[in-house]
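The structure appears below as structure tokens.
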Amino acid sequence: MPEITIKYFAALREQAGCSEERRQTAVASAAELYRELQAEYGLSLDIQHLKVAINNQYCPLTQPLQNGDTVVFIPPVAGG
Amino acid sequence: MFKMFAEPIQDGPLRARLQSARAGALVVFEGWVRNHNEGFAVEALEYEAFAEMALLEAEKILAEARERWAIEAIVGAHRTGLLQIGEIAVWVGVSAAHRGEAFAACQYAMDEIKRRLPIWKKEHYRDRPAEWVNCQHCATAPAHHTHHHSATDGARV
Amino acid sequence: MFKMFAEPIQDGPLRARLQSARAGALVVFEGWVRNHNEGFAVEALEYEAFAEMALLEAEKILAEARERWAIEAIVGAHRTGLLQIGEIAVWVGVSAAHRGEAFAACQYAMDEIKRRLPIWKKEHYRDRPAEWVNCQHCATAPAHHTHHHSATDGARV
Amino acid sequence: MPEITIKYFAALREQAGCSEERRQTAVASAAELYRELQAEYGLSLDIQHLKVAINNQYCPLTQPLQNGDTVVFIPPVAGG
């Protein structure tokens, strides 16, 4: 199974209880990965409010995952 | 040049990059932590950044500004960590031959920084529990809340 | 508050007036002496002010800005005397809860300062005699020259 | 005859050769005063490019002058 690195920030980091993890997963897309994580950690943010970055590039949520990818789910931003 | 600071932003080195004998105008924007937001008393702010992407996206924004306006230089910075009231959260400076371009480029960069950088803030309130701005709204009232990562909803400045 | 400076403008005391725990945004404009104007190499600038009226008119402008935008504070300063390239000729700072108001008020004040304050500048060029900006045009080519005290004609920033 | 104070700035100051003077004059208005000064000093600025301030207030060029008035002819400004 492909191994994926996931980084968590802000509310997602607090809910996941960690800032980074590696996991083996058979999910087909970023969206499916989020549902897997949501079930495991009880993440409260609905996927419709997230963006996803894979290897530091914004991608569609339907993007298939490759072995070695780093995935970040990005909650609504509030910089500045 | 765009920099992330875990300590208070020092504007001296940032301003030094803007110096130019050809520049007749400097516009500087500073975003300060203020003591209220949407009617609640704020005591402190905590900023967290996905720094690698924030820096990539910030450099894109500065390049867009240089492309769109005749400016001499543009420099920015964003703070992370726990900030007290009055501290500088974000800093953008632009030098240009003429002031119209300096104002426009600075304002554009600020709008885009707030809209696009993967940076989040947690507001620590006087009278209720701290919360991540925007995120809690999404979690608790998704049906009535349609900002889709908007720049203004819950934004500070 | 608006001040005239015969010596280099020190922004510390000006910025101090803008501090406010309610402010989330600071916009500062600085007008710098640049090394060229309308195609000519400039070596220095000399500013002369009708100070009493300049101060009266400047306070009117700041009051207009406070009336039109929700801002916390607005402060300005103008230099007189001989300035070298890179020195600050004019300084305007605005603090406000939100950045849109701070940008708009700062830009308005600068436009009006350039348009209305009785202040003149003599440009010292590298390759030709010094001249008072705007005045010489009026004297030598009144028929082809219709700026009527315009803010942009021959203006520096 | 009324006594008027006149202050000169910028190009007008250089051409008049002084920054301030007091003079007794019988002219009826600011515009007439400027013509008198122009004849005396060879001031190069045409009156159409000037504004006038009397006692620190902008006035029409047709404004009559009073004893004790301070008059300033204001060339096109170039601050900032």
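By written order: A, B, C and D. Residues from 1 in each chain.
Going forward, a residue touches a chain if its C-beta (ideal position, glycine included) is under 8 Å from a C-beta of that chain, and two chains touch if they have at least 3 such contacts.
Keep in mind the model is a prediction, meaning the values are calculated, not measured.
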Centroid distance [mean C-alpha coordinates] between chain D and chain B, Å: 51
Interchain centroid distance [CA atoms averaged], chain A/chain B, Å: 24
Distance from chain C to chain B - Cα centre to Cα centre, in angstrom: 27
Chain B residues counted as touching two or more neighbouring chains: 31, 110, 156-157
Touching two or more other chains - residues of chain A: none
Overall pattern in which the protein chains touch one another (line/ring/star/complete/other): line
Complete list of chain pairs which touch one another: A-B, B-C, C-D
Residues of chain A that touch chain B when the two form their complex: 7, 9-11, 13, 44-46, 48-49, 51, 53, 56, 72, 74-80
Touching residues on chain C, where the partner in the complex is chain D: 31, 47-50, 52-54, 56, 78, 89-90, 110, 113-122, 132-136, 138-140, 142, 147-150, 153-157
Contact footprint of chain C on chain B as seen in their complex: 19, 21-36, 85-86, 95, 97-99, 102-103, 106-107, 110, 156-157
